[in-house]
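Just below is one structure, and these are the notes that go with it.
Per-chain numbering from 1; labels A, B, C and D assigned in written order.
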Amino acid sequence: DIGHSTNDIGKIEPDLARSFEFENKLLPLTWVVVRIDGCHFHRFSDVHEFEKPNDEKALKLMNSCAVAVLEEFQDIQFAYGVSDEYSFVLKKESELYKRQSSQIISAIASLFTSTYVIKWRDFFPHKELKYPPSFDGRAVCYPTYKILLDYLAWRQVDCHINNQYNTCFWMLVKSGKNKTQSQDYLKGTQTREKNELLSRQFGIEYNSLPIIFRMGSSVFRLKEAAAVENGVVSGKKLKLEGEVVVDHCNIIERCFWEEHPHILSYS
Amino acid sequence: DIGHSTNDIGKIEPDLARSFEFENKLLPLTWVVVRIDGCHFHRFSDVHEFEKPNDEKALKLMNSCAVAVLEEFQDIQFAYGVSDEYSFVLKKESELYKRQSSQIISAIASLFTSTYVIKWRDFFPHKELKYPPSFDGRAVCYPTYKILLDYLAWRQVDCHINNQYNTCFWMLVKSGKNKTQSQDYLKGTQTREKNELLSRQFGIEYNSLPIIFRMGSSVFRLKEAAAVENGVVSGKKLKLEGEVVVDHCNIIERCFWEEHPHILSYS
Amino acid sequence: DIGHSTNDIGKIEPDLARSFEFENKLLPLTWVVVRIDGCHFHRFSDVHEFEKPNDEKALKLMNSCAVAVLEEFQDIQFAYGVSDEYSFVLKKESELYKRQSSQIISAIASLFTSTYVIKWRDFFPHKELKYPPSFDGRAVCYPTYKILLDYLAWRQVDCHINNQYNTCFWMLVKSGKNKTQSQDYLKGTQTREKNELLSRQFGIEYNSLPIIFRMGSSVFRLKEAAAVENGVVSGKKLKLEGEVVVDHCNIIERCFWEEHPHILSYS
Amino acid sequence: DIGHSTNDIGKIEPDLARSFEFENKLLPLTWVVVRIDGCHFHRFSDVHEFEKPNDEKALKLMNSCAVAVLEEFQDIQFAYGVSDEYSFVLKKESELYKRQSSQIISAIASLFTSTYVIKWRDFFPHKELKYPPSFDGRAVCYPTYKILLDYLAWRQVDCHINNQYNTCFWMLVKSGKNKTQSQDYLKGTQTREKNELLSRQFGIEYNSLPIIFRMGSSVFRLKEAAAVENGVVSGKKLKLEGEVVVDHCNIIERCFWEEHPHILSYS
């Protein structure tokens, strides 16, 4: 009977147990980037038969989850996603969860995940979700605008490199090579050689591939009302000022940021 | 054209951007407790019309998510849940995610969340999930077995205190008092007085309330095959050695741990 | 015989013992401020009969230690000292000790301390050092220039407030009040009232007190050769470009920093 | 005039500047080991012409500083020193500096350093201290008694390995080889081969070398009064219960700890 046990509450010492909790505050006035990654998504994409090298529906599902995260957390100014990863940028002044790292990361990963499960049906109406997906996360503080943009550029460079490699790899596999042969074939090739391989052997102009594959996806709030592409069905849709949108812009070039200063605005 | 931009890769300095990532390793050879909490679950339980003071289906949904988490992560030895929180105990020697705090916490919170959404229908077949739930988490290291048991006892004491208070509060509300009056009525009352209130005024013997409300839920692996209560439908079910089960035991009393040394076994 | 024991080296597992060392890296590209404080210097100043409220020799000894620290660590751009504390500002880009917090702090505190003991004789030729002094330290990262200047201004404001209070307090004590009476007398008084007390009752114009008491001490490298006050003996001394000097400037006013941009120069 | 500036105190925002200070608490109920190392002591020992491979006076100066540290900090139960490093073990329950890592490390390093400078004359009465020595430090938490003893054993194994190597190296150098030749000669040799080299070529029985060189130095409090070796002059001295002493025992063997349970006593 726990009623009796609780006479022993004095012996329990919650203060002692609580004293082991450590602070994990992210440095104030720095941009916090929370990056989440799919756990074992190699297997997840196999089990759910995602198209290779890119499954457009799976990417759009990811984007729609990111939009939900920005709609929930006003302090997130920008997000960039590629493959099964998404980076969220919190504004410098954010006091979300008093900047406690663990809670910020887990709350974002958790909301992203539950949205993923709920919206699965919208993107894969004829495909059953076979087991619960999950995402892990981490946080990094960036003290300057310049290094924050470097981080985002790095992720987009990675998107480009991986997409080009994967496009070649899966074209080789589809053309009859096995996976090891395809890897060996590509070992040491440069950007130009890969583009030529795609062009000559498979008749694919790299730059004509869907922009979402080449550029990844950027998520942010509109400065003013605009007609933008609809995430799920095709066609354009009018979005209002402050609404969260998805775009596939070049965020490596500094001119994007110069032309859209409101996105990562700071004082 | 990003193909041209990537000629500028050398300017991006991924190493610099990466150098801002900090290690957040949990001290080796300590028990790691990851506790997750529902985000804004006061509102969530209102919107989904959870029964007050306890909704048995909602608790069983939580339990079934915790079971899924233990089934996925072999390093989690024990979990204890009450209300919208759940504590997961990783074994001392765990090298999950190389003990990186952020990833452990977010992966557990994320898997718990996606299971919650997927299993919602099993527990609430006639109730729609109106928006994506989320959980945040944190981690604490406990260096000794004794203080780990103190932590778990503290959570169960909290369960008891909150459940007794909430049972009284909601009986007063259901009997016609408004929320403020009910709070005032209970201010400063002791355990015995609350038990008497329930007994005299409402004919409720506290100890006859469902044990899941009074004790919370413990989740662990069976040492040997046994017939245990089924989580969803009523009745008993044979579970095998090593299978994860839910129980509602008194974990404040040290005898529980003495009788089940395999649960938190360590060298 | 340890020669035999070392046959057991395999059992020792240095890798395990080493795995408990945790990284404590200070965020890159932020200004690191290491502040050291005298341990139990209330007692130290009593035992060594420092003059109250300020002992000019003791302050100059502190300053000369700070100069030695800047001469040793090229990455320290600026230091500010008051009473028994000293703040050292490392340049943003510093990679001193790979930015490991513990080692930076302890190395600075240690060098400051040994210089203090060695130079004691220069400032107190007729006073014996009765026991080893010590200083503890801590580090803080500042991500922006503005907040770094706020930190330094805060320390100088503190210097001013403490000096004004202490000047009043010790004048009251010297005039016959005991310490409790003097405290009570000053309780709740404002800046203007304290200045008036000094002026009317003791004939002291606050602004005519030695500038080292009112402003604290700033330590930095000269941009170009100049004749500056000598730390120990009176008179001016020619210092070369890049030499470390002590000054008693107003660092609250932003104009100081605008006129000396080389001190905290950064890209 | 700073009197006017301080009208601007409201603009300074000390709370903001203070908010950047981060907690760096060492996990409660774990043994904290603070290890300090001489900064650039290779150069320091050259400049001060320390005897090679070991300078007994320099080691005894180190030991006497460690004794002073244990006399000041009651929470330090044990210390082990070799060459220019010293490890200090704080008792599990210590609340020194509220377990703030930076302050504990810096205060210990600082007190050790100032004692080193003050006592230099006692050990080197005819040698001038040419410049201020300094020590940096770090802290590690050990959650179990076993791993703490592993740490200490590791340091003593290191002492043995380094001493044996250095003894061979300097004998080779003294016999006419240059430093590179001596290094090459020793490359890949095992313990037994080095012992044979010393014995055959130089007539040195390793185990007859002074025990302080082979075992390093352990510092702890006496359980009961005893006559122990005097640190500075030769001969024995009566030390009382609780007094801090230096010994050169084998701390790799567990029997030492079993025979002296009071040293690292804990509950």
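By definition in this document, a residue touches a chain if its C-beta (ideal position, glycine included) is under 8 Å from a C-beta of that chain, and two chains touch if they have at least 3 such contacts.
Not measured: the values here are computed from a predicted model.
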Item to check | Neighbouring chains shared between chain C and chain D, ordered by label | outcome: A, B
Item to check | Chain pair with the higher count of C-beta pairs in contact (A-B, B-C) | outcome: A-B
Checklist outcome for this item: Averaging C-alpha coordinates per chain, one finds the centres of chain B and chain C separated by a number of Å equal to 49
Item to check | Distance from chain B to chain A - Cα centre to Cα centre, in angstrom | outcome: 28
Checklist entry - Can you list the residues of chain B that touch 2 or more other chains? => result 16, 20, 22, 27-29, 141, 147
Checklist entry - Quick one: in the complex, what on chain A touches chain C? => result 27-30, 141, 143-144, 147
Item to check | Residues of chain C defined as touching chain D within the complex | outcome: 1-3, 5-6, 8-9, 12-14, 16-18, 20-22, 24, 36, 39, 68, 97, 100-107, 109-118, 129, 132-142, 147, 150-151, 153-154, 156-158, 160-161, 191, 195, 206-207, 214-215, 250, 252-253
Next on the checklist: Under the definition above, what is the set of chain C residues touching chain B in their complex?
Outcome noted: 16, 19-20, 22-23, 25, 27-29
